[in-house]
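Supplied in structure tokens, the structure appears directly below.
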Amino acid sequence: MSVVTHAEKIVQIITSSSLESRLVDTFEEIGIAGYTVFNVRGDGDTGIQDSHIDGDTNILIMIVTTPESYERLMEALNKYKRKGQHLMVFSMNTEVLY
Amino acid sequence: MSVVTHAEKIVQIITSSSLESRLVDTFEEIGIAGYTVFNVRGDGDTGIQDSHIDGDTNILIMIVTTPESYERLMEALNKYKRKGQHLMVFSMNTEVLY
Amino acid sequence: MSVVTHAEKIVQIITSSSLESRLVDTFEEIGIAGYTVFNVRGDGDTGIQDSHIDGDTNILIMIVTTPESYERLMEALNKYKRKGQHLMVFSMNTEVLY
Amino acid sequence: MSGFDSLLIPAVLFFALGVFARLIKSDLKFPEGMGKGISLYLLMAIGLKGGAELAKADFGIAFQSIFWAFIMGLVIPMIGYALLRFRDRIDPFNAAAITAHYGSVSAATFLTAIAFLETSGIAHESYPIIMMVIMESPAIIIGLVLAMLARKKLAKSKPAGEGQEVESLNTGALLKEAFTNGSVVLLMGAMLVGALASPEAMEKVYPFSNEIFMGVLCLFLLEMGIEAAKRIKSFKNAGATLISFGIIMPLIGGTIGVFVGVTLLGFSPAGAMLVAILGSSASYIAVPPAMRYGVPEANPSFYLTLTLGVTFPFNVVIGIPMFYQMAIWYSGL
Amino acid sequence: MSGFDSLLIPAVLFFALGVFARLIKSDLKFPEGMGKGISLYLLMAIGLKGGAELAKADFGIAFQSIFWAFIMGLVIPMIGYALLRFRDRIDPFNAAAITAHYGSVSAATFLTAIAFLETSGIAHESYPIIMMVIMESPAIIIGLVLAMLARKKLAKSKPAGEGQEVESLNTGALLKEAFTNGSVVLLMGAMLVGALASPEAMEKVYPFSNEIFMGVLCLFLLEMGIEAAKRIKSFKNAGATLISFGIIMPLIGGTIGVFVGVTLLGFSPAGAMLVAILGSSASYIAVPPAMRYGVPEANPSFYLTLTLGVTFPFNVVIGIPMFYQMAIWYSGL
Amino acid sequence: MSGFDSLLIPAVLFFALGVFARLIKSDLKFPEGMGKGISLYLLMAIGLKGGAELAKADFGIAFQSIFWAFIMGLVIPMIGYALLRFRDRIDPFNAAAITAHYGSVSAATFLTAIAFLETSGIAHESYPIIMMVIMESPAIIIGLVLAMLARKKLAKSKPAGEGQEVESLNTGALLKEAFTNGSVVLLMGAMLVGALASPEAMEKVYPFSNEIFMGVLCLFLLEMGIEAAKRIKSFKNAGATLISFGIIMPLIGGTIGVFVGVTLLGFSPAGAMLVAILGSSASYIAVPPAMRYGVPEANPSFYLTLTLGVTFPFNVVIGIPMFYQMAIWYSGL
């Protein structure tokens, strides 16, 4: 195939919208300039989150990142989790078209 | 890297919003407690689904699951499909941060 | 496991909503009949896109595709990019349940 | 109001604007959720209004209205099914799913009919509002039963195994859903509120529920115009048989409605026209989701193309003034 | 207005309809964002109205109202914390997070109380509106401080390392947030606009902010009914202690409010009832997000179940007429 | 109305509130789609109103208005381009994309100007409404043409291959889009409805389209204030040249508008001020999406920062009262 892609990582974070601005600040601090946010609903240990009131609204943040930034990002997110914040964090491999 | 992740599966289901409550009941039955729902639009064999009227609204349900629950989930979804329901089901590998 | 899945590709495109109708036309031209659209927000080189005004609204288009269509799609998207359009394009492997 | 004048009521003009915008491929579009939000408002408003009036209504006529609404909801989809299955033109699943829509009602069409009357200052009975509530459910049930019979027949002609799974569709749950459908509950509930609340209390609500009603309806029909025109591109897939069904069926349903309204219920021509619209219009709110799950064998694109793309515009532009003239003429016989 | 009549005001009836719809598992639901949009409207409208009236108000009473609102916002959550921690029934983090909600105010309950008065044509002071603004913030601070103390205590009893990280929560930022909360800013800002703009200019805004207000409130309470009923399924998890707290706490807060309103501020029974509602109602707008981040150890499902599922319905159905009677009786002593 | 009073009209105060909320980093925000929904309402309402009045308007003046609107839409972006390219300060693509916005119109600014007049009870011509419709499109075309020329020039100075692909942008489709833009269609369509529908029918729509208009506008400007203030953080990237362009350009456009309004069209000072706002304001609805696809080489963050973050607040706070005074003074010469 003529199209060349680059192996990178996708990190996805599901959390309450109340943490959005703080996470974004953290991204800036560790030098991550791009991210995408989805407004989502969901269910889990902390009950139904169906986005009808502010305390009840989930977001999913997706970051496509190079392997280097990936480590920094995961460590920053891990720190959040160790502070007791509820974040669901997972990652996948991806091929990015430059 | 100091951050440890666990290999799990992501299952994504795209279907009409009319099936949401039934699918959620199914999740509960097979012991899946967490899921995330995206309101989406789309096009496919059954025509444009652009979320302006109820019969016309797509959702995407995403479930992050351990390999064991994965099999149970896929079988339950397969059963839906064999009953003739329109579900688009696909899965990916993921690394989850606990 | 009794459930059989098929290896396919997921292509995701993040771009401004102003390109949606044109991309959809392109999909039709290269014979891709199904796709799913997410309304998203985001940040990147071109500034915050938070979906409050039309020039400021991001979408993510997701296409699940066979390996053959995948190449055609990526080439078509690459052409867009070479024309200077801002698209973020990346792909993943997936297992699809027929 | 002559036939042509009726096209010049603002709501119908905005509908036309929506269709036009889509035809010239304008990027005019409503944000997600706005149409759904507006239709909640409209159901609430019409319910409140109907309830306040029905509180002072004749119980006997109300009961009769309910009875005949139920009958219409059963008979019309059966006629539709027979038409669609004639010479086996349409397969039984699509026939069942499509016809279920015609037994039910399109609230937007009904509200446009009320706008048509109110703009011309013509009084009308409010019983048709309660009839609208009643007609949401029976059609769904008919659709499911027809599909179930088709499925049984198919299962017999096939080796066992495949068929049985289909059988296990939970019909009880589906029936329950037919009666707890959101628009039924909201409309019925708002009617109750309108009937229970004191007139003074209701007066505080009227600026919202009555005064701005016509304007909101215009905005809603603008979106409905866009939605209707979107379906045009599916006309070719649907085929001539289905498209013509989308025009013939409302003619039949509307004629039945005029008869029910004038002869069986003794309504004025205005009231009978509203009953005709109950008969002629086809739901695209409650029924499509029910059919999607209950009759997955049918193609949703068919029924949305027909109800939204053909029957809805037909009724808004032609049906409303025509059935009104028909009711006047028939009342005068 | 007798106690029973008060249940028949449209807003309360729509609340009941929402609860009912959810209980019968109707698929009635609001599009995403609609509830949030409506509550922006309601805050703006009540702010404009309050501001226009406060512009001609007595500065001394206004100042006293602010003072006592602040005190209520501090005292009520402390009482709540003591109740919850009694015999160590509820762990300190959940106790802190829950009680913070009770120091703050539920705008929907407050607006329903105003609807209750206006429907009956009873005049009321407008100082309670400014009190509502004041009470949004101190409760959040109390909640954070209580949780911080609990965290310190826990850290001592544990080996170092784990605890310290928790400590580093940025409390300064959280306090700032407590005061720049969206509803505080909108309410306060709309009050300023109402006070600054000329009466002629305000008159052009009134059809939107005043006339349709009651109707919009009905639509909002319909959604709140659905949201409240959704929490019922979490009652079992929450347990009897928490559920009964959800009823006892508003009784205490409301009684304090009646005392503050009648004795300390010299309000009419109508005004005192509004102060009682400030005391008895529990926030579910500003406080939950603050607690989610500030007290992550607490379970959000608990506080939403209590405030939305127990206290909100209790106040709307029982609290409002009851505190009004209490205020009348106490004023007459 | 003095210059200072004009700042106290509710719509402007709400704009200031939105800016303030954002500056103190309040979490006040509108749900997605709400702003888009409100702007559909505002376009519909202003169109209906304009249409009803234009139905009785002078055809000659209407035609002249259209003509001069078209000329303004062509001339203003050319002046802007020349300014931006002066000493090659801004690259041709960004210059083309930015200047296209200034040829077009900001509906929110225009509506605030109308609110300014109506709050003070000053009558104004309605021709500027039709001029607004006309001015949406030519600017887009100018922007595309300027970018195309720049691209040709660039292609010559580069080896073949790369340039050609860029060339293949479908300009025909882009022109079509300039004329079928959603707000053009809605505004034009609503004007037609307003002109065609009978006055009695329109009266039923007025509570929605006229009476609540001012209040809805307040809510809209609150959101616009938040949106405008969001752009402030991009000021540094944009640089001093662009920021000052965002203030100089509306001064030029507004002055041209006063001249066109008073001298060429013979409007009252109120009408001429509206024409000035057409000239001075910059679109952020129709033009940004067109430039995104049509001039992908330009940075969208630049044009949104300028139009929303600089020119919009400038016009709302300073431009409107200033151009009104200028029109009074110039009319009196």
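By written order: A, B, C, D, E and F. Residues from 1 in each chain.
Everything below uses one rule, namely that a contact is a pair of C-beta atoms (placed from the backbone, for glycine too) under 8 Å apart; a residue touches a chain by one contact, two chains touch by 3 or more.
Quantities reported herein were computed from a predicted structural model and do not represent experimental measurements.
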Farthest chain (mean CA position) relative to subunit F: B
Shared interface numbering between subunit B and subunit A [over half = same, under half = different]: different
Computed distance of Cα centres, subunit C from subunit A, in Å: 19
Between subunit E and subunit D, distance of the C-alpha-averaged centres to the nearest whole Å: 41
Cα-centroid distance, subunit A relative to subunit D, in whole angstrom: 44
Residue list for subunit C, restricted to those that touch at least two other chains: 38-39, 41, 92-93
Where subunit D touches two or more other chains, by residue: 27, 30, 32-34, 36, 207, 211-212, 289
Residue ranges of subunit C in contact with subunit B within the complex: 1-3, 5, 8, 10, 24, 33-39, 64, 92-97
Subunit E - residues contacting subunit D, complex: 5, 8-10, 13-14, 17, 20-21, 24-34, 115, 118-119, 121, 207, 211-216, 218-219, 222
Partner subunit E, residues of subunit D touching it in the complex: 32-34, 36-37, 40-41, 44, 48, 176-177, 180-186, 189-190, 192-193, 196-198, 200-202, 204-209, 211-212, 289
Subunit B residues touching subunit C - in the complex, by the definition given at the top: 14, 38-45, 58, 60, 71, 74-75, 77-78, 81, 88-93
Complex interface listing, subunit C residues touching subunit F: 16-19, 22, 39, 41, 46-48, 50-56, 79, 82-86
